[in-house]
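Both of the next two complexes hold chain A, though its partner changes from chain B to chain C.
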Partner chain A sequence: MAELHILGHINCAQHFTEGYSLYCRYTVQAGPNWTLLSGSTEGQTSTGKPNTDNNSVIWAHPLDIHFVTRGIQGWPKLVFHVNCLDSLERSWVVGYGCTSLPTVPGYHTIRVPCWLPAATSISDSLRQYFLGGSHQITQNDIISLGNDRFKLRTQSKGCIEINICIILRNFTQFGVEYK
Partner chain B sequence: MYDFLKNNKSSNIYWLKYPLQHFNLTLKLKAQETITLLPKFGEHLNQSNEEDAQNVLQYQEYNFQWQEKLFSQYQFTKFGDIQNCVSEKDLAFHRSIHQFNKKPQKVFTYVNKEYAFPLPFKSKDYGIGLYSSCIKRLNLEIFLNDNFGKGESMHNLFKSEDDVAFEDEWKAMYIFYDNSKYDEDNNLIFQDECLLISVYHNTKYNYIMISPDVNNESNPYAVESSSGYLDFEYFINVDFGKSGCGEEFKDLLNKLLKKMEKKQKHLIKFVMPPLETRKYYISLEIESAKDFDGDIYIEYHVKVPENIDSVSLLTGRTHLNKCLMNEDIHMWAFGHIVDFEVESATGIDPLPLRIFFEVISVDRWGRHRTEGYTYFPLALIPGFCKKQLSCTRPEELNEIDAESRRFFVGGYHLIEDLEMLVKPQLYATNFRFVSTGSIAVHWTVISHSHSPGCHSSENQSPVPHTSCSELIQGADAVLKQYKRAKETLAAATKSLIRAVDSE
Partner chain C sequence: MKNSEVTKFLVSFNGQIEHIIFPAGVFDNQLYIQYDIVWGPDWDPVSGMCSGTSQLATSGSDPEKVIFNLPLDIVFGSTNVYGWPQLIVTVRAKSFFMGDTLRGYAVFLLPPITGSHELKSSIIRPRSSTVLGEWLSWLTGRHPELADPKMLANGKDNYLLRTDSYGSVTLKMSMLSKDLRKLGYDNQPPTWKNNAA
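Moving on to the complex of A and B:
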């Protein structure tokens, strides 16, 4: 059995223009060959107010996930939903993001660019501007799979920065070259 | 950490696996090592110091079965005389003294049928949950028991012996040390019984509660009487009749191991590519773009060399994206992941994949126009790479024509053959390339093949081969070679036999 350890943390969110507090829900999506041994494949960071100087929110949410796999297909991906929390404690999505985890062992800093379905009409734009809220995706698969994404009209959002260490075990025994 | 106090006795609970007939409790009683117990000068002149010390430190060991009755001097005298025996229980004790020729002991027992002491607390059920909780909160249980019913201990003490059909939840056994004073005729002068061990058996849930718990020789318990601590200490050991359970435990572990192996069998096998094939798993991510105009999307085309087969869709496009405009940043965030697999034969170095990007903008009227092309060769070398790709756009040589066309008509697929980006010198063009924005991409490549030392799911498992399977495989190979050799020999000797026959 080959094993993959993902250790690190979701460091921060940057360049999100919303002035509200932000938090992030994340899920680790992996193929059917992959089995979770320890850790959690989904979670939520704390809510943080953006720093006025550089418009970034620090989460420093730890990640410690251990997978065992019997195949390369379906290498794990991290999917993010960034949400905001306004002063009335209303919450809505302000960004979706996805990244494929590096296959090379070692320390990596990854910036995950985020986007959000754009308002399709002027009334939507006005409503979002004055009342808040956003369009949301009903099928989350579209975030990680790029096949049907061309139908979307989106608005670019900020980035999430993650710092992770990848540890691989026994892959070379099965003829896998990753480096 | 805390100090072990000799008077700090704690009880423990043991779940019973075997019947109580196998229960065997061992009590070791020893005089404490104090100065007062050392032999006085002149008493043991003939004995060596070691002998004296041995006498002082010698254990007295007592073994008890469950509900085994041992008698103190007082009990022995009492139950030994039949005139003192009134009840059936007393007569049974009398008979056992004479039948088994029992002697009085310093350490003796009280068995369950004597109802000598109260049993562990059993909560009274008042029938209604709320009422019970109210009674508990108001601490009225004792009051109610005293006034409207007998307490649990009293109930046991005055239990009717005729009510034999009623089964108690608890059965008890007590082990005492007899510190009583007797005269020369063994008549009791002063009664002092020191409780050493209480053993309770819960018949409902079949567990045993021992108070105090089992201890070892480095932490002895002190014998406590009504007047204080005596100069004795004791150790407790319990045997639950576990002899022979080692094999059973071993069997259980083996079964568990087999179950676990069966459950994880699907995990042990690794999905391998076909023999003599090397598979490449590529994950390409279009991160972001910058320095373009309007809302853009990116089309990508992956062209594979001839000696590589692909099983994935190699053309696609990202979502249409609006620019993020900030004071210090101006970019289009895509985060578009393209996963695809290609395979090639082992033993050859595959040529790099050619990946073409076309950045297309959409204006307010829904017109699409090409903002830039770029190309990069993706070498199939395992690893993780990042790249910033500069885009160029073909433009008419006349700048005014170019700008007017771009403004009024828009541009789309100005380059029909994308190979022009790879080898521009081979194409005669009447336009020039203008630099536009750039695209940030990163990708990872993993290759997978049957390496000499690897294990496959079809032929092999990662678990080392058994010698038996290796032997069978070897025998098959030898048989095949033998058959071939036999056929060759038959073919070679065929002509020879004919020649001999003709002669």
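Moving on to the complex of A and C:
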């Protein structure tokens, strides 16, 4: 069976304008043909304070995941929930993002743009502006799927930068053409 | 040896930790770095030093940059790519007033692709989780330190940390592998990607 190795780091978050410390929860989602051999498919980064010079948060969170697969359907995806932690130790969601992993071996720098459900009423937006907090989605599969998004109103947020290296094993042996 | 008998591959890393950049300049008298290499369960070091300490260095004409040029030459053997070695650099400062203090940590993944690579990683520094602790570290100039910096390469307990970032470390590394492709692994980017870049 063909194997996929994902090595790298969740490097940083950029252009999030909250100004609070940020952390990120991530999950790796793959189709039913994919089996996890080692590594973990979910985790949480450290809570980083934004840089004073360019407002980016460094996480440098290591990723090392080993998958084995019986088919090419459901190539793994990374799903991110970015949260902030303010000076009063309150925490809320400030961004959702999703990226499919590259299918080509080698180094990749991926910038994942994030979005957040927008405030729907004036009182909500006033409350969020002065007191903090945000709307969060109840069905997390909306982040990685394209359906059911029509009535969702969202707001653009910053992006997450990940640096990963993909190593494939025995794909050509099973007739998968990636080059 | 027949193809089917090969079960182990060798990876060699040659390079150096070149310099550190602190964007606001280095005010301490001297900086030094310690490095540790962390690897997974199936890996074994074959030759080379897996941890070490550099000289005490100061900046030159450029006040933001401290050059170390600390060489690293390590060969690893493994049967599995999982647990690819990572390099953890601890940056420390020695000054007359403060004594020996921590400047931060930088984490690198040693390059999994053959060839020469220049890697840059930001320095992160743990913060106290309480306001009193932050005042104390501001007052004394000493920051919280990790009991075991190797935890940064694991990623399981990172969520307990609060960090701050400042400056970066630059590493130049060449990677050479043996029997990696014979075992069916493909780590080389296709030629069209190199041409596009």
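Everything below uses one rule, namely that the second predicted complex is superposed on the first by the 179 of 179 C-alpha atoms of A that agree within 3 Å, B and C clash if a C-alpha of one lies under 4 Å from a C-alpha of the other, contacts with A are read in each partner's own complex, and residues count from 1 in each chain.
Convention: a contact is a pair of C-beta atoms (placed from the backbone, for glycine too) under 8 Å apart; a residue touches a chain by one contact, two chains touch by 3 or more.
Since this is a predicted model, take the numbers as computed values, not measurements.
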Discussion item. Looking at A:58 after the superposition, I want to know if it touches chain B, chain C, both of them or none. Which is it: first, second, both, neither?
Written reply: second
Item to complete: Please indicate which partner A:167 is in contact with in the superposed arrangement: first for chain B, second for chain C, both, or neither.
Response: second
Practice prompt. Have a look at where A:48 lands relative to chain B and chain C in the superposition and call it first, second, both or neither.
Written response: second
Item to complete: In the overlay, answer first, second, both or neither for which of chain B and chain C A:137 touches.
Response: neither
Practice prompt. May I ask you to decide whether A:75 touches chain B, chain C, both, or neither, giving the answer as first, second, both or neither?
Written response: first
Worksheet item: Between chain B (first) and chain C (second), which does A:104 come into contact with in this model arrangement: first, second, both, or neither?
Response: both
Discussion item. For A:5 in the superposed arrangement: first (chain B), second (chain C), both or neither?
Written reply: second
Item to complete: Return first, second, both or neither, reflecting whether A:36 touches chain B, chain C, both chains, or no partner chain.
Response: neither
Item to complete: State whether A:179 touches chain B only (first), chain C only (second), both chains, or neither.
Response: both
Fill in: Set of chain A residues, in rising order, touched by both chain B and chain C
104, 170, 173, 178-179
Discussion item. Quick check on the complex: what are the chain A residues that touch chain C?
Written reply: 5, 7-9, 11-12, 21, 23, 37-40, 43-49, 51, 53, 56-64, 66, 104-107, 163, 165, 167-173, 178-179
Discussion item. Could you list, by residue number, the parts of chain B that touch chain A in their complex?
Written reply: 266-272, 279, 281, 283, 285, 287-288, 295, 297, 313, 316-324, 326, 329, 331-339, 341, 382-384, 444-451, 453-457, 462
Worksheet, complete the sentence: In the complex, chain A touches chain B at residues 1-2, 15, 17, 33, 35, 55, 68, 70-73, 75, 77, 97-100, 102-104, 108, 111-115, 118, 144-147, 149-159, 170, 173-179
Discussion item. Looking at the complex, which residues from chain C come into contact with chain A?
Written reply: 23, 40, 80-84, 86, 106-107, 109, 111-113, 121-122, 124, 127, 152-156, 158-166, 183-190, 193
